[in-house]
Amino acid sequence: MELFLQQVVSGISTGAIYACMALAVVMIYQAIHHLNFAQGEMAMFSTYIAWQLMAWGLPWGLALPLAVILSFFGGFAIERIVFKPIQNAPVLSHIVIFIALFSIFNSLAGFIWDFTIKSVASPFGEGPFMGSTLLGKHQAGMIAVTLVMLAMLWAFFQFTRVGLAMRAAAANPESARLVGIRVETMTALGWGMASAIGAVAGILIAPVVFLEPNMMLSILLYGFAGAVLGGLTNPLGAVVGGFLVGIIENLAGTYLGDVGAELKLSIALALIIVVLVMKPEGLFGRKIVQRV
Amino acid sequence: MTDIAHTDHRNPGLTAPAYRPADAPRRRLLSGGNIVTLLVLALLISIPIYSKGFFVFQMTQMLVYAIAVLGLNLLTGINGQFSLGHSAFYAIGAYTCAILVELGGVNYMLTIPIAGIVAFGFGFLFAFPALRLEGLYLALATFALAVATPQLLKLHAIEQWTGGVQGIVMFQDTFDVPVPFGLDMDPGVWTFYLTLFVFAVVYVLAMALVKSRTGRAMMAIRDNPIAARSMGISLPYYKATAFGVSALVTGIAGALNAIVIKFVAPDSFTFFFAILILVGMVIGGVGWLQGCLIGGLAMLYLPNIAEIFDNVVLWFAGLFGFADLLPSGNALQQQFIRLSGVIYGVILVLFIYVAPSGAGGLIRAIVSRVKRLTS
Amino acid sequence: MSALLKVENLTASYGELQVLRDMSFEVEQGGVTTLLGANGAGKTTTLRAICGMVRRSGRIVLDGQDISRRATEDIVRLGVAHVPDGRGTFTTLTTEENLHLGAMARPNNKAEIEADIQKCFEFFPRLKERRNQQAGTLSGGEQQMLAIARALMLRPKLMLLDEPSFGLAPLITRQIFDILADLTKETGTSMLVVEQNASLALELADHAYLIETGSIVMSGSSAAVREDESVRASYLGY
Amino acid sequence: MELMRTKLMAACAVLAISTTAAAAGTTVKIGSTNAYSGPASAYGQIGQTSAACFNWANDNKILGEDTIEFIPLDDGYSPPKTVEQTRKLVERDEVVLTFQQLGTPTNSAIHKYMNAKKVPHLFLATGASKWGDPENFPWTMGWQPPYPTEGEIYGKYLIANKPDAKVAILYQNDDYGKDYLNGFKKGLGDKADEMIVAETPYEVADPTVDSAIISFKSSGADTFFNIATPKFAAQAIRKADEIGWKPLHFLNSVSNSVGAVLKPAGLEASQDIISSGYLMDPTDPEWQDHPEFKDWLAFMDKYYPDGDKTSSFTVLGWASCQTMLDVLKRAEGDYSRDNIMEKAASIHELRVPLLLPGILIDTSPTDYYPIEAEQLMRFTGEGWERFGDIISAESE
Amino acid sequence: MLITDGPTPVISIQDITVQFGGIVALDAVEFDIREGEILGLIGPNGAGKTTLFNCLSRLYTPTDGDIAFLGNSILGLPANKIAGLGIGRTFQNVACFANLSVRDNVRIGAHSDSRSDPLSDALRLPWVRREEQKIDAVTADLLGWLDLGDVAELPVGGLPFGTQKRVELARALASDPKLLLLDEPACGLNHDEVQELETIIRRIRDERGVTVLLVEHHMSLVMSVSDRVVVLNFGRKIAEGTPEEVQKNPDVVAAYLGDGH
């Protein structure tokens, strides 16, 4: 029973990693209705920027916000420079651009900072959280930041004019134009925000998995899985989905014997496919009814 | 403005359509397309005559990749279903071949069709859950398949057949592919011709399929599923068939890959390879099967294009006289190799800028412009 | 009377398909103008062309300003509110959020916007009851009301209304047209109305144009048009 | 196609230049593949160091008038790509030998090919045991101590010092992990089944190994064998410390770099870890004044300034490159493949820079394991403290 | 030509009701289409015409009622079996296969009339070739018949709207249907094209013996080409009869022109 509890808590703390990333995935999905394969690499690159700023002697209280802001403008610029010129190209060409961005960021990070792991200090300090052996301070901090980010996102979309405009632009671009919303700007803004959220996620994840150019490779996949499981249109669902994926993966690895340990990723993925087949809109997603 | 102004824009004189019987479809032997096809075929056949072992080997690889691109294109380009998981079917083909040859003692040439059939089975079965998924969700499900493939291949329980993480080394005793029929031929050249033959057969059959009733039904589903249903086309049947056929072709490519490389291991079939096939297909042109050779070339050369960048830069440096500023020895090449991912990515972005619909779209645009200019 | 909107030689197409051919017409300041015509005649396209939502050529002048090359959102910012066919409701957002969106092109003056929302609720008490409901769950009539109210939130110079009666029961249609009549009287907003229901439209409008296959075939005062036989012919086929 | 032709022309041009240069001496072409892209790119530093080392050798005329042309290619750690790139090296560039190719699955893919082509396939950057099989594969030779040997050393140490240990093992689910695991079990002998209480594989694609460490703690294990690559090894060390699990910790030498593993994991947390080594650790104060170490630093500053001077990869690159240079020197201008292989298989008690004192390289036509000795060491919190004798499989 | 008392109804619509959520799109609608007639179905926007149409082609399933084709209910069949029965259709905003050539679009229309399987197709077995020849002959005939010969090899997506509509007609006729459902064929056509369409619809009935159900807004077309007209409003049938009868029906006038007339 103690093992079970430990694995669940540990699942929650790895789940927090996925949840962070899933939040960024949902953000970009809202803006462009795509899964951005380069999202993880963008987050990794942002984390390197934060790390570099700290290595140059900036305190983390300055370095982290600065990295997040730089990431925001970076995301905004990517939309403007890379995607705007090809906005009418077929979907698959966009996917190829995602792959290209993935490759560029991964390789560039390795070129600049090389491929050995770097430790990133946790802003929340180290050691157990409130004397618990189950949860570290960083894990607790990470879960808290994820939830705060979720709340902030919710408030942004619910109570601000720009948030409302972004929702409108995503829901119905044509009508959005008809009320005077600059839809293209909203899309770029979505990129910027997704990139900024990704940066926060990266900075939170790096102390757990260590910073290196490939650190997001599998985390992004789990992030996708969490987002899809929870429903791509629902930030809360995505966060819950992320936690669920973490827990499922841990329990499968612990209780399904050798096969479970060898295949825990596959089992988690298979489960997600099953959910999708049963409920294509995700556990918490809204079903969109279409009339023919 | 109170008076009523009548303005009539109607054209006088009605033209009812005249009944002119249309010709049956014209099948000219010497059409532009056929000439190009023959030229390419001649070029391919002559490769071993004017080039050495390594280039022949590379071209063999290219043909294998081209078959894989063709397979994916049958699913995505013809039927409109996404897949980021074709490395899985490729792996199934490769392992089927390797296991049958090494453990079953089956003739390697025979394993090629068997690998195709096995892959067809997997593809057809995978299609059933996939039928419920569309677009993005299907892409994600297939991506999951690609990610899980190396893990499944390493699985302890099937290690006695798959060789686990060690994989399977093929042609243990002879080392090289045995050349049949007592032919006095270099095994590399023989493998090339075998691959070319399989490629040609697969290509011809795929073209025939696309131009047949089945192919039309698949394309109809891609263009407009609702209208397709109204034409009496069963969506589940044709979507599953497309998945199966696509897996079959990709599985054949996998089997050939095993024969060419003579080694299969889980690390050969990661999701990176699935993405590589996808990139190859987009570069060749989605829905344009002829583009598979261009896709194969892209898969072969693009990932390592950085290797020649130092030559390019040195050439420019010589031209503009800044050679002294460059690092000496192979330091420059080293830097470019470290940047290979950046170079690959930038080239992809530039390519999509120039040809948003791949080489196929570009070629069609050029051909139609030339036609317009000449007519 | 001066023209608020002047359209000259408007041509528009969807890809290869040319839908409008050399159309010229005007909307007068403070007046209601209607475009009549059978389905597919090009009424909707005309409105979309004014708003820059289809490829168009020709001259479109709003209040002395040439808008024929402007982007949709800029035209809206100049005070043109378009109530599209199918109403263009943001179905996943609430009624109140839809209204807020209507004011998106205005400066962000919270008090003024709040006051205007209250005014909208006075015009359409049904919307007040449904203010926190998702717009997609409203009935057709309510959605039409919402679409009109959302347009009003812009404090527009010109409202473009595309088939306000679409899919509504006669009683509701009647209600909506009554409200539109009140509105133009009270606020002095100019309107360009596209409508299938000729009798309703002619009742509301001062001036009417009749379109057939992308060209204007007739124009005149509502009263004059109402009496003309060709209207009947183009609608009922005799 | 066009691209191909320019490339061929460029190759011809290079060839032309090298033949004119041949008046002064011969050019020895050496090829290599490494993971410069993809998930294993961290190892790229090894190849980078070698490339720099050959530049150094040319500048310092280590081979007299003869020069080395080193051609490193990227295979992204994908076996089919390794085959392609190796064939490019052998058949197009016509290299005399390949050196220090990286990875077990990648080298497995070309194992047969190199031996069929009779091209020296030397000093591979992988410690799998299969590279020392002169009978079947006379053209392939490893360099590092084989993984199973090292695993066996830990096993034997455990039997001798803590026979009642309850052992938990974390291993990477591939050739490398399994080699270590098997060697370790061999070292434990009959008691293996009894002593091992938990054995968990992880995948390179896993984000963390935290869950395995938690299970280990609750399994009651008091000894931990950490067979993981640097990132996961560091995660395991930190997680164990975090949850207060303090086992007797064996860390495989692949990940015993202070700079690249222990420091990120936390020096405190790494206290008392046992590992074994055969190379000097560049962060160990003990070596800072050693002449070989100073030479290496000077080399790094001049020829590979971007290189990581705290990483064991750059040390390994330098030491194995020196081994290669020794073989070439002894070839005395006869760079035929047969001669090179013969010289590679007759290294006698060679000392190359940066090996731990007392460790020598020895090969013979029947012994294709150049380094078979290692020394156990314990982490003090600052550096490695070696203890006990040099343990050599050869001496048994 | 007016058939007041045809032999058997080709299709008989019996008390069809369709509800979407709370909205009643069709309310107990009932009428027959007799063999060889052109039946016009009209009504203002939102009257339920397209909904009825989609019931006939089995894209929707009615909440209540039955639809019988030649005496047998079709409600148990999936949409893709309808074409095989002999019911062809066109779509309101043209639903051609945009990337395919005109000829291929028409060939697809013949899908339900042939039996090939993927394997035989890929191998081009002799019997498949014979089948293809048959399809090609039918296609060539239709292309000529509808004056599409010049554009036969062009992708449909780039053709003028009016031509696309003709392609759709050809496609619907390729399966040699007994009944043809036309969903607003005049929508988006210019005046000349509507005139052409009128001729074509007559010829479809007269020369090919196909019964036609015409849903249309374009009144002059409906009134001149139909044998009988059924009028829907708000999901209910408000009139049925000859064009003359319907035009004089006060309910119909009110539905179209408003109460004022």
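Here the chain labels run A, B, C, D and E in written order, and each chain numbers its own residues starting at 1.
What we mean here is this: a contact is a pair of C-beta atoms (placed from the backbone, for glycine too) under 8 Å apart; a residue touches a chain by one contact, two chains touch by 3 or more.
Given the structure is predicted, the values throughout are model-derived calculations rather than measurements.
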If you take the chains that touch chain A and keep only those that also touch chain E, what is left? B, C
Distance-maximising chain from chain A - centres being C-alpha averages: E
Remotest chain, chain B as reference, centres from CA atoms: C
Sort out for me whether A-B or C-E is joined by the greater number of C-beta contact pairs. A-B
Would you kindly tell me how far, in whole Å, the mean C-alpha position of chain B lies from that of chain A? 32
From the mean C-alpha coordinate of chain B to that of chain D, what's the distance rounded to whole Å? 37
Here the gap between chain B and chain E, centre to centre from mean Cα coordinates and rounded to Å, is 40
Taking the mean of the C-alpha atoms as each chain's centre, how many Å separate chain C from chain D? 75
Touching at least two other chains at once: which residues of chain A meet that condition? 106-107, 110, 221, 262, 265, 292
The positions of chain D in contact with two or more other chains are 37, 44, 173, 203, 205
What are the residues of chain B that contact at least two other chains? 147, 151, 154, 226, 338, 340-341
Chain C residues touching chain E in their complex are 16-17, 19, 38-40, 140, 163, 166-170, 196-200, 202-203, 212-214, 232-238
Write out the stretch or stretches of chain B touching chain D in their complex. 52-55, 57-58, 61, 147, 151, 154, 164-167, 169, 171-172, 175-176, 257, 261-263, 265-268, 270, 272-273, 300-301, 303-304, 306-308, 311, 315, 328-331, 334, 337-338, 340-341
Inside the complex, what are the residues of chain A that reach chain D? 2-3, 6-7, 10-11, 13-14, 17, 106-107, 110, 114-119, 126-128, 133, 136, 208-210, 212-215, 217-219, 221-222, 249-250, 253-254, 261-262, 264-265
The answer for chain D against chain B in the complex is residues 3-4, 6-7, 10, 36-38, 44, 48, 51-52, 55, 58, 69-74, 76-81, 83-85, 87-88, 90-92, 105-106, 108-109, 111-113, 116, 173-175, 178, 203, 205
Within their complex, chain E touches chain B through residues 57, 59, 78-84, 89, 91, 95-100, 103-104, 107-109, 111-112, 114, 116-118, 121-124, 128, 131-132, 135-137, 140-141, 143-149, 152-153, 171, 175, 191-192, 195-196, 199-200
